[in-house]
């Protein structure tokens, strides 16, 4: 990671750390939610942006993490020490099973098989007494560990921030490790990787499982934050929304997932704001939709490509040349 | 000294439905020699490479690598056992630097997926192999350039370098000269001549002058079957080859 | 794209702004209703009803002006907690009003219980809201899913039907409604021979209609709403079952949907806490006022919204506008007789209306009153510890 | 289940399957030939249904009315809509990643749904079938079968036959098939691929809109109706094999059967059965039942 990128990331996390000092309780809540989505988006970025596997059922892992948090919690509240790993593990195990089967397919078929498995999970919690049905179930007592009582908004904020930072650093390290480089190679040209001597299936399966586990972490945090889970957490709408986040932010960069999660949530806030749009705010989907269309048309590389685009405008060809590889990759 | 046979294909056949793409082809690759396969478009040369490298499974026949029967081995396993190949179309990773292209290839031989905290770009064992491979392919000056920005000839060199980085015993090269200018061709031929020592090379190529200059053995394929095989002189002399292939013009 | 920067800045401002403003003299009412999606029309009716009552009182309840804050809940329970928090934490509302979707209402009830914010539910019938989730600060101006179902169970049993098939979506509201029906119907000597269901919001009924025809029951009880209700009634008629097996339902099957159902709904008998031709002075006045204000005919949702405002008005008047006195607020509302267009009702111990459930019959695109199916029916409030 | 009931259920399954095919065929066309994952397909279906509702009085006023006149006007409008949409939103996307198209069509869903809310409102509406087709046929002792449902099935069969004819017997179909197999080759033959795409997209949109219009009297018209059919359409397309018309037909009939009998025999698992079917088929045949047409 070069210096400007590092500076950006450090600045973002510093801002996030300072935010509770400036914001009220709603602001803290909102950013907690966005950070949970950012972790969720990072999990998908590992699959889509890094490995080139487009998963359209990521919400299932998110939902399983969330449901595990509720179903495994005893009435008097659980200890973080075992509940968090248990939720992550539950999502990871399901991801392992789904991945083992769905990685046999490719391309659009892979997209659809992952969707199918997510819908299965959705209907299991939706239609069986086990999952509490359509209205969902409550988390009676939030998990804690000593002073780390997640029932308090400030503590939850800090914990979520730590999880986000941990996930980001972990994925950052992972991507530059030999394992991560292999995933990157698989995205660009899987056939070549096989010809070179990589058995790609275990790599993809490992990435898929890891991604599911991280989504489970996000789901766990979401359940703790809201204190209630329901089947909509596993719906394809959420899988679609998180996909939109990472594309909006810019595929192929961890920062893109971060930016995308924030941009998507803030765009929603903005268009829903009665202060800005008055009575028209009830039609906020229109503004959001048009903005997304505009982004596709004008920002093919996502929001993260924005600075490069400005530089191209200003600096002309010299920069255009430097941007070539990215463009070439985009055209693959 | 008898030459050591590193790769042997025996009676290899591949059918697509009713069509026979490769028809009972047998050939041997020896260490220290270049074995060229020539033939018209659609003669089954690329399919043959795919059969040998394990990209597709043969309908019948057998492949032996370094004395073991590898017919049922998947491609990655054959690759790790010392079978390297390059592709007719460039299959480099355009956004990576030259060194990273080679390093990733070298990593295939030393896969350590568990060390997630280690920086691959500082992994000396793979870097050394990568630098070495790049040097042998004549790319030392371009190590940090993104592969997508290389000239066509340099990309072909990089293909070879990536192949070498996996430390193969056998090289299957699919038209390494395609689209190259005269100067680039010369450089590539020199490289191939040098690589011949210590490796067994299978060369699929359209450039007849080059083939006849560098090959130790030549196999001629027509419609999936071998019609002639031997030294360049034998092949040049073969009447069948003349009528079926060379004599066309 | 400077738009994004702008959006981000605006959003930040929108977040920060409310914390600056001090507690104003106005009572802040947070309307969390669906503005988009399947239930959007219901949300509009509830809001209209609520605003109508406030307007009739001169914009003031309990001597204090009312200021509205709105959030689109999208009928998405997974966003419910965030949306409630928007109202509670961002807009600092004193009172929450919402919503239509049961799952969303459950999440709202949870937050209301945790934070102590006053919540008035103007539609969602989830039994749990005034069951296990009941709380001193949670009120409902509508019904529990159990109520219309139970009333209809009595009616169908009295009519002498013995074998009944039920059909609904496989979701909480449908299950609860059918459970209520079954309870009363089997108490009355009938038997539910088959409980059919299909995944929500699937509207491909043909297979289940065939099942109904094959099992030849005396009657069918159903719970559907919105687009599904329209399609079910039309399919039922098109399949020829309307003439051979009488169809009964919880009132939502013909509320807000008659226009679309047309003649296929004619003669259908349903139970609900409201009907189109009550012909009481109270209801006539309400209907006239509503029609004048919105150029629309009111429906049961508008009444529920209107009564939600009444409940708030009664409570506010009792505490003289001081919402901090929560116990007094609750006590006053519990004691009050609410003069609703549907007829006077009181709130039971669990804060669910104890109300007459009417038997209605569809005629000429109206749910005409036939009689009272169950007098002063109270929800059993199972699990409520108030 | 006795034999008579079973036969009626088979009829139900067939009819539902055909309707699914009608909706999904436009998707498989766009998907298979242009490689565009069109999430907005459900919106086009929704637009069609609302057209059947909203256009009817307009058409009645201008042309003297009639259901079939509305169908005709709606289809023409749909072709125009598809043509314009392709030009405005998709023509520059082919060079880009598929995911960009996903994002674009996701945005379109939001826009169409809100425009619908702004223009027609959020109410549920019924659409009357034309008097000619509003009769019923007796079926068993108690049941009747609406003639209009037979008409819908008839339209589906006619459309399937029409698509088969266009694909296999016309020059346009030949170009389309070639275009889906090999883009570059078609271009080198001097065929204007951009125009071809525009035609295909317009046709796909028109089929979805037509499906919506034809289905409106059966399904009624309500907000969010497009979203509920979208996913099941994708399932149809994927099971059938992307781009394969006959695959889509077979898959639609299969799903119709699984859904119909699932509801009756396994109501607890009815929601999940379709997806289990899809997962099983894809694990058995990783690229669907049929390769592209």
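Letters A, B, C and D name the chains as they come in the text, with residue numbers starting at 1 for each one.
Convention: a residue touches a chain if its C-beta (ideal position, glycine included) is under 8 Å from a C-beta of that chain, and two chains touch if they have at least 3 such contacts.
For clarity, every value in this text was computed on a predicted model and none was experimentally measured.
Look past chain A and you find the other chains held together by touch in these sets: B | C, D.
Taking each chain's centre as the mean of its CA atoms, B is the chain most distant from chain D.
With each centre defined as the average position of its C-alpha atoms, the distance from chain B to chain C rounds to 73 Å.
Rounded to whole angstrom units, the spacing between the C-alpha centres of chain A and chain D is 32. Chain centres here are Cα means. That of chain C falls 35 Å from that of chain D. Listed for chain C are residues 36, 170, 199, each touching two or more other chains. Contact with two or more other chains is made by residues 123, 126-127, 283, 285, 291, 295 of chain A.
The multi-chain contact residues of chain D, meaning those touching 2 or more other chains, are 113-114, 117, 270-271. Pairwise, the chains that make contact are A-B, A-C, A-D, C-D.
Listed in rising order, the residues of chain C touching chain A in the complex are 1, 3-4, 7-8, 10-11, 14-19, 35-36, 69-72, 76-78, 80-82, 85-86, 88-90, 102-103, 106-107, 110, 114, 126, 128, 170-172, 175, 199-200. By the touch rule above, chain A contacts chain B in their complex via residues 170, 173-174, 176-182, 184-185, 188-189, 191-200, 202-203, 206, 321, 324-326, 328-329, 332.
Looking at the complex, you find that chain C touches chain D at residues 36-38, 40-41, 44, 170, 196-199, 201-204, 206-211, 213-214, 216, 226-227, 229-231, 234-235, 238-241, 244-245, 256-257, 259-262. The part of chain D that touches chain C in the complex is made up of residues 1-2, 5, 8-9, 12-13, 15-16, 113-114, 117, 121-126, 128, 136, 138-146, 148-149, 218-225, 228, 259-261, 263-264, 267, 270-271. Chain A makes touch with chain D in their complex at residues 48, 54, 101, 104-106, 108-109, 111-113, 115-117, 119-120, 123-124, 126-128, 236, 240, 243-244, 247-248, 251, 283, 285-286, 288-293, 295-297, 300, 330-331.
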